[in-house]
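Listed below are the structures to be examined.
The same subunit A turns up in both complexes below, where it pairs with subunit B and then with subunit C.
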Partner chain A sequence: MTAPQVTLATAHEHGLTTDEFAQIETILGRTPTFEELGVFSVMWSEHCSYKSSRVHLKTLPTTGPRVLQGPGENAGALDVGDGVAVVFKIESHNHPSFVEPFQGAATGVGGILRDIFTMGARPIANLNSLHFGRPEHARTPFLVRGVVAGIGHYGNCIGVPTVGGEVHFDPGYDHNILVNAFTLGVVASDRIFRAAADGPGNSVLYVGSKTGRDGIHGASLLASAEFDAESETKRPTVQVGDPFTEKLLLEACLELMSPAYSEHLVGIQDMGAAGLTSSSTEMASRSGTGIDLDLSRVPLRERVVTPYEMLLSESQERMLLVVHRGSEEIVQELFRKWDLDAEVIGTVTDSQRLRATFEGRLVVDIPIDPLTDGAPALNRPAAEAAEQETPRLVLADLPEPVDYGEALLQLLASPNLCSREWVYRQYDAYVGGGTIVRPGSDAAVVRLPGTEKAIAISVDSMARFCAIDPYVGMVSAVAESARNLAASGAEPIGVTNCLNFGNPEKPEVMWQFQQAVQGLHDACVAFGTPVVSGNVSFYNETEGSSIPPSPVIGMVGLLEDASQHVTQWFKGDGDAIVLLGRNHEELGGSEYVATAHHQVRGTLPWIDLDVERRLIDVLRAGAREGLLRSAHDVSAGGLAIALAECCITSESSARHGARIDLEDGLRPDALLFGESHGRAVVSARRRHLTRLRELADRAEVPIAVIGEVRGQRLEIGELVALGVDEMHTRWSEAFAGLLGEE
Partner chain B sequence: MRWGVVTFPGSNDDAQTAFVLEGLLGEKVARLWHKDTTLGALDAVVLPGGFSYGDYLRCGAMARFSPIMSAVEGFAADGGLVIGVCNGFQILCEAGLLPGALVRNRDLRFLCQRTHVRVEDTDTAFTNRCRRGEVLDIPIKHGEGCYVADAATLDALETGRQIVLRYCDAEGRVTAGSNPNGSLGSIAGVRNARGNVFGMMPHPEYAAEWLVGGEDGRKIFLSMVASGGVSSDAVVSATRSKVVSGP
Partner chain C sequence: MSAEGNGATGWLARVYVTPKQGVLDPQGKAVQQSLHALGYPEVLDLRLGKYVEVTLAEISRESAETRVREMCERLLANGVIEDFRFDLEASR
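Here is the complex of A and B:
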């Protein structure tokens, strides 16, 4: 079988520009082979090369005393003391999940898990950020069911708990949903493995599933071009997940990286997007070496797979290892124990080239550098869209609700605020035995095995805010994450990000992107939380219409003493309810205005990162000193929703009511539903109020006792008087209703 | 007591089970590999939860043919104590060591939640440290936990007092609403007629510490320890005198 002749037209079909094709010919000094064209096309794709984002991402803060590994590896790593490190990252799987929601989401989870255990870390927590279109859109229920089932299928089967996340609905995602998956793992801080191909003469081993023809150009091309009406026909490019094989791969790899075997291992990298091609070139690039591959030895799932397909296949559950010469047999024996393929398919060289042969014929011979560090990097033009001017929100034109109780109930049952239990009941949150706070509180909390410590994790985005102002929206999302962690008792220590945007070739999209990166930079500097890993997802557009700018962050926090964790729900009658922070008359961009008045507009709430930092200090000190019976940050839906959530989100049936009196002279709807930053609702025993006030005063955080936990009703002044059961029912039953279920 | 915890390919709760037994309860634990053909000297065997062989075929249908299962069957035939949790329960049913079968949940979705189960019988090697009628707070996490059996089998289970745990509400009432997965008779756990093999869908190993999930699950393991790993006839007579029954 001969490969097709390569021409400029073939290059265009591969998504390469005329310019890029000319560059390739210059680099090689000849016309590339069909296989080489395939290699260039995936390595220079937006997904693999970050060509539109690289110059901007370089500006992010990535260093700090805890940072053991920043961006550039499979995931970032932070030192959390006691000789333990946490390894974490968030990654998108948007396009595959829209085309085939179950497998798309499942393989998204599989991919991020491999990024974590590639580094030697055992995954102990999965989270995710999901953005769907309007619930009324005909396709939304299908997508929600498929994505949630897919995430559950993979995570449950492989035995990693899914402990938290977020679900948003917005018409902006009708034709392009977002599925971002986060994983955190733990590893001894001196046993982190890297994706290196050191030592010419060492052997390159292929382990895991056999290679099939699935997913060719899947992540790399599907994620590097806009959607159109033909996208459905791309379903065959979506990979199919096999969590059982990945479970075997996980255990086998971790055994290989244990002290008993690790002397044999030089480097390891998962075969993700662009499979064998990207894993081999990236490993060689990091070590300044080259790799010779013999494609005839790649384990195959079917009889006829061309070398082109072998190089580009995105079959899941595969890893590339570099082992010391002479260690091959021992390593192969270990993988055989787990019933997995392990084949020597190549050698590390000092050629600084990727060379691949198939049946004795040289099909690829490319210098490594132009495929990786030397890949095109663009500084694309950016400009704010002319019509981006946010329509003002005139409060005087906004009628107040007739019945505040009913307004609160409607918000509690609204798509973006109602209970997510329908979703997370399908995820195993227990497996592994370390989950301290399961989904349903501000942040997930998981124990660090073998220590007294725990890690808190929150995944957040503020798509509604970002649609109005991507800079402020990004800063707000980081602040919200930090508040969520602090309300759980944790100190924020690091960030990973997934930047979901439209087509970067459009200046207005690049402008949004740059604004968000600037916001991420400023907020992370203010909180002292380095960005250690991340992912960019461009081309989230369908037929020319882009998603709202949707940067998502995953923030990780540390609790020195796991027993000091705090949850958001009220604990007992008689406790005082305290508001930390100040209420402002700010309704712009709020969930209330969007839900009750169907407008996404207005000036966003003012955010002062110094205020946020001081609030965080008070929350953390309160948790450390055991003063907080509950703590909950005030965010979407405002103060009234925060209070209602304190009443109804307890996992046990022991729910509590509250009597609240607010004295601010604000418009009542702004007071109840405005989303001013820098606030948290906590409850404490009365005898601890003096100390709590001292902490707040010292940090110059406004503090006010606004009520008491009592009974089975939530009463807010004369405005709201609702039974806890009624609120709980409306809130908990709404999600199934959105999907047209009972 | 000497425990064996089996690891099948796809077992997910093996390490946690070993941690609870060894780390929290101070028991001796041997980790058993599915390719092993002997158990060694043991007093009890645990088949843990997870997705053996991915559960790509019927749950437990592949694992029951693992080499180790012959040894487990021999151990059970000799009166050894065997407990299967979740996927382990499914394997025991597939192996014919327990009656009935576990099929997809009533609403066809995976379910992870706290559940309450009522202890129906305390004269067993698995619940002798509980009070009769006691409500245990133990989580479930499964897609196929709906217990089914034909009418004659169910009758035999009732009359033989083989139904050990039933799903209930926090007050111990067995109602339609307290049955999470549609199990016939709200059955959450059954034993064999001889009383030495027991399967349950809820996960006692995830309810063994206050920090994570509470401690009610310990009672299952501690009951087995109290029974000393001897076969049920001896256990029943040994414990009946000690246990005060009734709430």
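Here is the complex of A and C:
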């Protein structure tokens, strides 16, 4: 069996440009072998090399007193005190999930879990951010069912709770959905493992599942090329996940990293995108070493797998280890105990080259640097789309709703605001016993094992805002996350991000990207939350039309005392309802304008990061002092939706109504449904109001008592009078209706 | 009256759905490992699929074939990761 001859045409088929092919010939001083061409094509793909994004990502704030590991490793790590660290990251699995929603989403979860336990951390929480097309689109219900089932399948089987996330519907994702998966794990802060290949002479071990032909060129083709009708032919590249094997791999890796075994381990990396190739080159690159691989020793699932396929296979549930010379058998023994393959497939060298032989024949011999740090980095042209004049929204032209109660009910039942219980009831949110607040409140809260502390997590994006203004949209998303954490009582401590965009070769897409990165920078600096990990997903585009700019962030917060956590729903009659922050007449980009008037337009609500920070301080102080019976940030749907959610989102059936009186000279629809930032609705016992007012005054945050928790109706002035049960029914039954279910 | 060749008749379709060649089959792998554990080391490979029986009303063979293939493509098999085949038996 001989590999095909390599020509410029073969290079083009691999997605390499004529220039890049010439560069490869210069680097090697000869024509690459077919295997080498495969290695270059995946390592230089957008997915592995970040060639369009690297220059921009470098500007993000990535340091801080808590940062133990910033970007560049499998995941980021933050010190949370008492010798404990949290490790977390968010990653996209968009294209695979569009092609095969169940397995695509499942393997997305599997991949992000491996990124976390590769570092030595035990995963304790999964979250996700999902963007689907219009509910009316023929394929949407199929995709929603498949993705949700796939996430639930993998997480439930491996025994990691899925504790939160977000689901958005927008026509912009009709042909390119987004599936972003987040995992957080915990580890002793002095026992974080890294992906190093130190020490020439040390052995390279392959552990986990056997290698098949899964996902060959998944990274370079699926994740870096637009979709078109030919996507059909890309179907065989979808991988199938096996969560039970991953559970074995998780336990085996953590045992290897325990004090009893860890002296044997030098470095470890997940074989994710571009499998064996990227894991071996990246490990060697970090250590300034080289790696020799003997592909004849790779454990195979099928009888015939070519060396090219072995190098590029994305078979799931595999890891690459570097262990000390002499430790091989001890480590192999440990993995075999867990029913996993473990083979010595190579050696660390000082050659600074990746060399691979197959049946005695040298098939790959490439210097490491051009594959990693020296890979092409582009500063692509960026320009705002010419026709993008901000479409104005003239309030005077918008008729007010005839019936505000009906308008509120419509919003509660709208695709982007209705209850997500249909989704999260398919997830095991409690496995492991550490979940304090499950999906359905502002942020998920999980206990930090072995401590009194808890971690709050929120995953957010503001795609509609970003479509109007990617800078403001990104800043708004970060602020929303920070408010969600603070409303739960937590201090925001760090951020991971997944930047989903269209084709970076288009200047307008690159402009959106730059704007979003700038927004992420500014907001993270303001909140003091370093960006410690992340992922960029470009080429989210089908037949020439890009998705709206869709940066997603995962923010992590710390509660020093888990018992101080706060949930968003009202707790008891007689409590005072307090609005923190100021209402403005801002309806631009709102869910209300989109739902009631079918327009995505207007000037976005003004956002002042200083105001946000002060609001967060008040919320956190209130939680710490035990003043807050409930706290909920005001975001999509505005003040009226926030109040309705306080009435109906309780985990128990004990729901509460409220009597609200708002004194503001604003247009009633802007007052009720506008999405001005810097606001939160909290409830407190009357005797705590004085102290709460002191806290707010000191932080210069406007505070007003706007009503009382009372009865079983939500009454807002003369505008709204709705039964809590009626609101709950409309809100909770809408999601199944979107999918055409009863 | 003989079932075949006389135009419309009822049918029993036997549909076999199997994982595509090269696609990971976690179920098959688990069953194979269990067989090894039970003392059947000669099992080299095992692929696990599903078997579906579909009883059809009286229609022509041609139409039955077309319809069953369509059912497989649209629902019974996941074309991305599974292959299918079927046969038809005339039934009264």
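Some observations on this one:
By definition in this document, the second predicted complex is superposed on the first by the 742 of 742 C-alpha atoms of A that agree within 3 Å, B and C clash if a C-alpha of one lies under 4 Å from a C-alpha of the other, contacts with A are read in each partner's own complex, and residues count from 1 in each chain.
Convention: contacts are C-beta pairs under 8 Å (C-beta built on N, C-alpha and C of every residue); 3 or more make two chains touch, one makes a residue touch a chain.
As the structure is a prediction and not an experimental result, all values here were calculated from the model.
The superposition on subunit A brings subunit B alongside subunit C with room for both. In the superposition on chain A, A:Arg213 makes contact with subunit C only, not with subunit B. After overlaying the two complexes on the shared chain, residue contacts for A:Asp403 are found with neither subunit B nor subunit C. Using the contact criterion defined above for the overlaid structures, shared-chain residue A:Asn156 touches subunit B, although it does not reach subunit C. Judged by the touch definition given at the top, the superposed model places A:Glu694 against neither subunit B nor subunit C. Between the C-alpha centres of subunit B and subunit C, as viewed from that of subunit A, the superposed structures give an angle of 60°, to the nearest 10. With both structures placed on the common chain, the touch criterion links A:Glu263 to neither subunit B nor subunit C. Once chain A of one complex is fitted onto chain A of the other, the partner contacts of A:Ile436 are limited to subunit B, with no touch recorded for subunit C. When the two complexes are overlaid on their common chain A, residue A:Phe244 makes contact with subunit B and with subunit C alike.
With both complexes superposed, B is the one of subunit B and subunit C in contact with more subunit A residues. Residue contacts after overlaying the shared chain place A:Arg425 against subunit B, while subunit C stays out of touching range.
Of the two partner chains placed by superposition, subunit B and subunit C are both touched by A:Asp339. With chain A used as the common frame, the shortest Cα distance separating subunit B from subunit C works out to 5 Å.
With the contact threshold set out at the top, residues 242, 244-245, 339 of subunit A are in contact with subunit B in one structure and with subunit C in the other. Taken together, the subunit A residues at the contact with subunit B in this complex read 149, 152-153, 156-159, 242-245, 247-248, 338-339, 424-436, 447, 562-563, 651-653. Those residues of subunit B that touch subunit A in the complex are listed here as 9-10, 12-13, 15-16, 19-20, 50-51, 53-56, 109-114, 139, 141, 143, 170, 203, 205-206, 211-213. Considering their complex, residues 99-100, 103, 209, 212-214, 235-236, 238-242, 244-245, 301-302, 315-316, 339 of subunit A touch subunit C.
Chain contact summary for the complex, subunit C toward subunit A: residues 19-20, 22-26, 29-30, 33, 78-81.
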